[in-house]
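Below you'll find the structure I mean.
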């Protein structure tokens, strides 16, 4: 399985490449319950291979360290006790050196395993593990950005600031009514939540070919969008008041000019750049103010081939719910996606922080409607 | 408009009839942020007619009391300031006598108004006000039950306990795939959220002709359903742990036997009676444990003509979201339903506490998935 | 024991007299965890006689209602379970009529008992019960004021507003150093916390003969006293920020003029009247701003004979701690005062709401330093 | 000023010596709002010298880094904005290397300054800065212990576990009544809160010559001390229930045997060792259970010459309040101690983590009564 092995190694190396700019101090702290430390991402993705694959597929497999199952399990209740999510930043030991040794150890065993005969099951789990690690590559970036943003000296992570300034020409795509197929088809990898493939009927609709820009959103702010209840869902208004939200995340006024913290440091907001770091609440309020609405995830998927997407995750007006005939896998792997199917909204597309080879037009990302720390933006529909 | 006037008067009398068993002390206190006092329901429904109708349709209309707009507005931001929701139980004055005088005053003016020429707009608003009051009749009962349940002496409200013991014979209804029409049709009254009428495609499904009983649910409890994370959504498990939920609301073990507080007092749980007072979280966990799922609201609506419903609200697996072409009305009335369309789940049907003439198979009730205090139960699908 | 009986009856009648202006609706609701409803005060003081006296001293005594011990016990852990403090306002039943019947029943039994031979123990407990009821008379007033103040229509309770406008002439009392006796002496009644009588050494000090007025305090406000951290204790500053405190309790600016809610309704603040409804935090900040300090409880007690006190409780700079040789009584009565001796500050004197015959210069009142809802004011020392 | 310079350098080196066993990862995270990271202690103590001394005493002094005033100010409101206390653990940059460079830079300037003519004021501030750093040496140890204890693998910091096993022989010291002098005397250094020296009268008392041991306290646990409300102050009982406290901090049962996390790792509890890591609440409950009480801070100070103290801080029954004639210093230094004088209890003595040359029998340590993470124990009185 030369290809699988290579896919594995490329992905594993990429995770470590993302950590190159970090200092040792950056690996451990946790800035919010939702934002895990780099060390944790490095170890947790590794633990996934050990727990789900090596323990079962390697005879007499010697666990690297017994305590890691407790320390680096994320949410798999069926595997047993785990450290509280909010305490991930207190694990100063093992040191980062030790965690890199853990990665090396697991990689060595995975390489041996993948050089031999690879059963269909093993292949499937390995691909799942790789995709899982790709997901954490994006989280590593977004979580790091959040932590750095809490530091008043605004550290710089890289030269590229992850903000797209792609040129866009405003236009609408019209889609006629009809029965459409939704969900993943074919033999390629997909997550369980992209199945079962099924039919939906769509009434005719229009969807914007462009994404909302910073300049567009500044108009909303200037029109006192954040001060008027009438644009906001009831929960959104409460959230906004409780948290004193007055702009997208990372924005601040410096001498009357909007700036934003980026992974290249604090920079003036570029009005032509694509808006990002807004919550569903802000996306819905903006759409209402503008006289439009957000597309459903089905409208998005059907139109996706004609759209230019991939720079920001796009909030849809669909709640995260199972497709017809959605199946939950047996065992711990079954906890992957299904148990989150309530209280969350679906985002479609991908972002500038998404791993390469990790985008699909059937991909269903999902977060709580108050989430701002992902690279999330707005596309309108009507 | 004799019919309209009669509809108005019957509804208004019915609200007061529901209060007959109350003592003066029962009218004022509020037991939870979600559970308003009877006095508040009596006054708020009245205020709705004054604010939305009399102020506009009666020349030189004299407001009954200026402070009532502040005291008895519920959530209409566009109308101005209002008392905080959690403080509704502190309004010891006006006295209940005064609130009944308020009702009389409004009724007198509404009667005069409805005896004259009734424009289409006025008719529409009056019917909305009546339906609004009917909704509050159910809330009055469910809120009162919650307040009484906080009193260790378990007061009795009425002879009937609102728990259905209707005989049921287990059976499944099969529905073939196809395009179906969803939403309200015709000229009768409906709420804004039942529109626009539109088409959905349904994959083939089966839906139970019966509702889950207390006996069924006791099996789930006895199988340690509340103790095993694998049956529960992630948010549900957190909710259950935080609140130490171990049974449906109002249930308690007395010498090893399940009892429940009912509006007739504390009574043993009848295993043949239809289960009620469960949250969406419990409904979903039960369905998963039983090897089934909950129906979507669309599946429910399509099947509804063949189902026996109306004793408990039925949780569906649909999030509360706008239908295609959903329109928000102009003005304060526009705040009626639309602004709640996030984070809630849809319930279909009606309950033993629902007002007569207030049920429709297109009716969309909606509550947070942790809600237990409504008369809410479970129907399975697969 | 004619005197004791009369003392008992006068006190019991006085409690009911205080309730004369109330409507039935006013008896039940609870506006804060610290503010109990009138019904609760009426019943709890009655329960005290039943629980501590009648159950032990009357043979075959028939409890009025078994559930009352649960409903109307305040904090006596040794007596068993009790309703959660924050839920006292949900006890709509028993009705207030029933609670008055309870009082009558207990009074009848107490009268019989006190007409017979009264042992020293019984006398002691009866006097304790009477004093306990007198304490609740003051709480009844202060709690009611708090509840009424939550009602935007500001109900009026009585013609007298409980705010003292006594004329004062500024002057200082000098007290020389020396050993002084502190604590209750003689055979009259006192609470356990006024004992043991003991000696303290006081360095020489001066104490003001007058109390701080509203006018004095407005100077502090106008000097931006609430906006400058330097005047405030660290905990005080945090409290002030969290609760957005900007004035004494019940004060509000109406068109630029300070008004206060009083038991006679909303009234302009009289600058010559004695300041009340300030917390220890505000008292300490004011004293610091003014260049003085608060007296200790020992300084207060020693000086008290030369002072004019009794219109407001006076915050001292003493924490509420046991005197040397303080003894905790056996049984439930032992929970009376001792278990609160941490985190609280002592107030000395009495207020316009204190029951007659319930003041002593050795009396130690005590509340949390953030307490505003008592009639509490400021006397300076240096 | 050779002595002062040497005192300065010894202290500064000692802080760094305490950090020798740390890995880079250990320097940054914060495990609780009260427990600051080592990096913060290293930088904050350094900032104190820069802010309070170098800025004023060195002409044209060049600040090391402008942002440090914001990052490493603790609570001096008068100096300006500062990072929120709970976010100290998110300061991954500056790196620890940079913080050591900061220390070197400040030390270089302080050395130059102290080699020249040293005014009385400069000397006073330098000695304050040294004592301040000594205080943080103890906090560095106690905070680190708390952070390490949150890590399920229980890291080891040093060979010595900071738990005293000194032999003790039970005995009581009798102290006669009399007027005693309290507070610091002489020209040596003391904190502002140890002044003004004043007289107190003490009633006769007895104070134990020994400290409570682990074995003593296990008796209290075994007698169900943590399960019976009667031993506890009311606030204490609430605290215990809310936090499910069942033993001193760091204790856990392993196979029925009490173990404790120490700075040498998890170890069995030695019954002969001196008890530590109990709160005031536990100290008071233990004393009550044992039939004794805690001494006041005055009783402690008077007896101290005859006592063997210094292994654990000893809770007293005195609230932390100003002495007569307590003076608050002008400027930022005035915020040192005075503003904490409410809601805290005094501890006397010193602990095994206290810096050498930092103990005095007049020293007043103070913490909230629920504090367990300091090395705090129990001495009885009667």
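Residue numbering begins at 1 within each chain, and the chains themselves are lettered A, B, C and D in the order written.
Heads up, the rule we're going with is that contacts are C-beta pairs under 8 Å (C-beta built on N, C-alpha and C of every residue); 3 or more make two chains touch, one makes a residue touch a chain.
Please read these numbers as outputs of a predicted model, since none were measured by experiment.
K.L.:
Can you list every chain that touches chain B and also touches chain C?
P.N.:
The shared contacts of chain B and chain C amount to nothing, since no chain touches both.
K.L.:
Counting one step per pair of touching chains, how few steps separate chain B from chain D?
P.N.:
Counted as steps through touching chains, the separation is 2.
K.L.:
Among all other chains, pick the one whose mean CA position is farthest from the mean CA position of chain D.
P.N.:
B
K.L.:
Averaged over CA atoms, how far is the centre of chain C from the centre of chain D? Could you give it in whole Å?
P.N.:
Chain centres of chain C and chain D, defined by C-alpha means, are spaced 37 Å apart.
K.L.:
Using Cα averages as centroids, what's the distance between chain A and chain C in whole Å?
P.N.:
So the centroids are 57 Å from each other.
K.L.:
Whole-Å distance, chain A centre to chain D centre, using C-alpha means?
P.N.:
44
K.L.:
Two or more other chains in contact with one residue: find those residues in chain C.
P.N.:
Chain C, residues with two or more chain partners: not present.
K.L.:
Between which chains does touch occur?
P.N.:
All touching pairs, sorted by chain label, are A-B, A-D, B-C, C-D.
K.L.:
What residues on chain C touch chain B, complex-wise?
P.N.:
Residues in contact with chain B: 23-31, 39, 67, 70-71, 83, 87, 89-96, 147-148, 150-153, 155.
K.L.:
Using the touch definition from the top, list the residues of chain D that touch chain C in their complex.
P.N.:
Interface residues on the chain D side: 75, 77-78, 177, 179, 198-201, 203, 205, 229-230, 232-237, 280-281, 284, 293, 317-319, 321-322, 324-325, 339-343, 345, 369.
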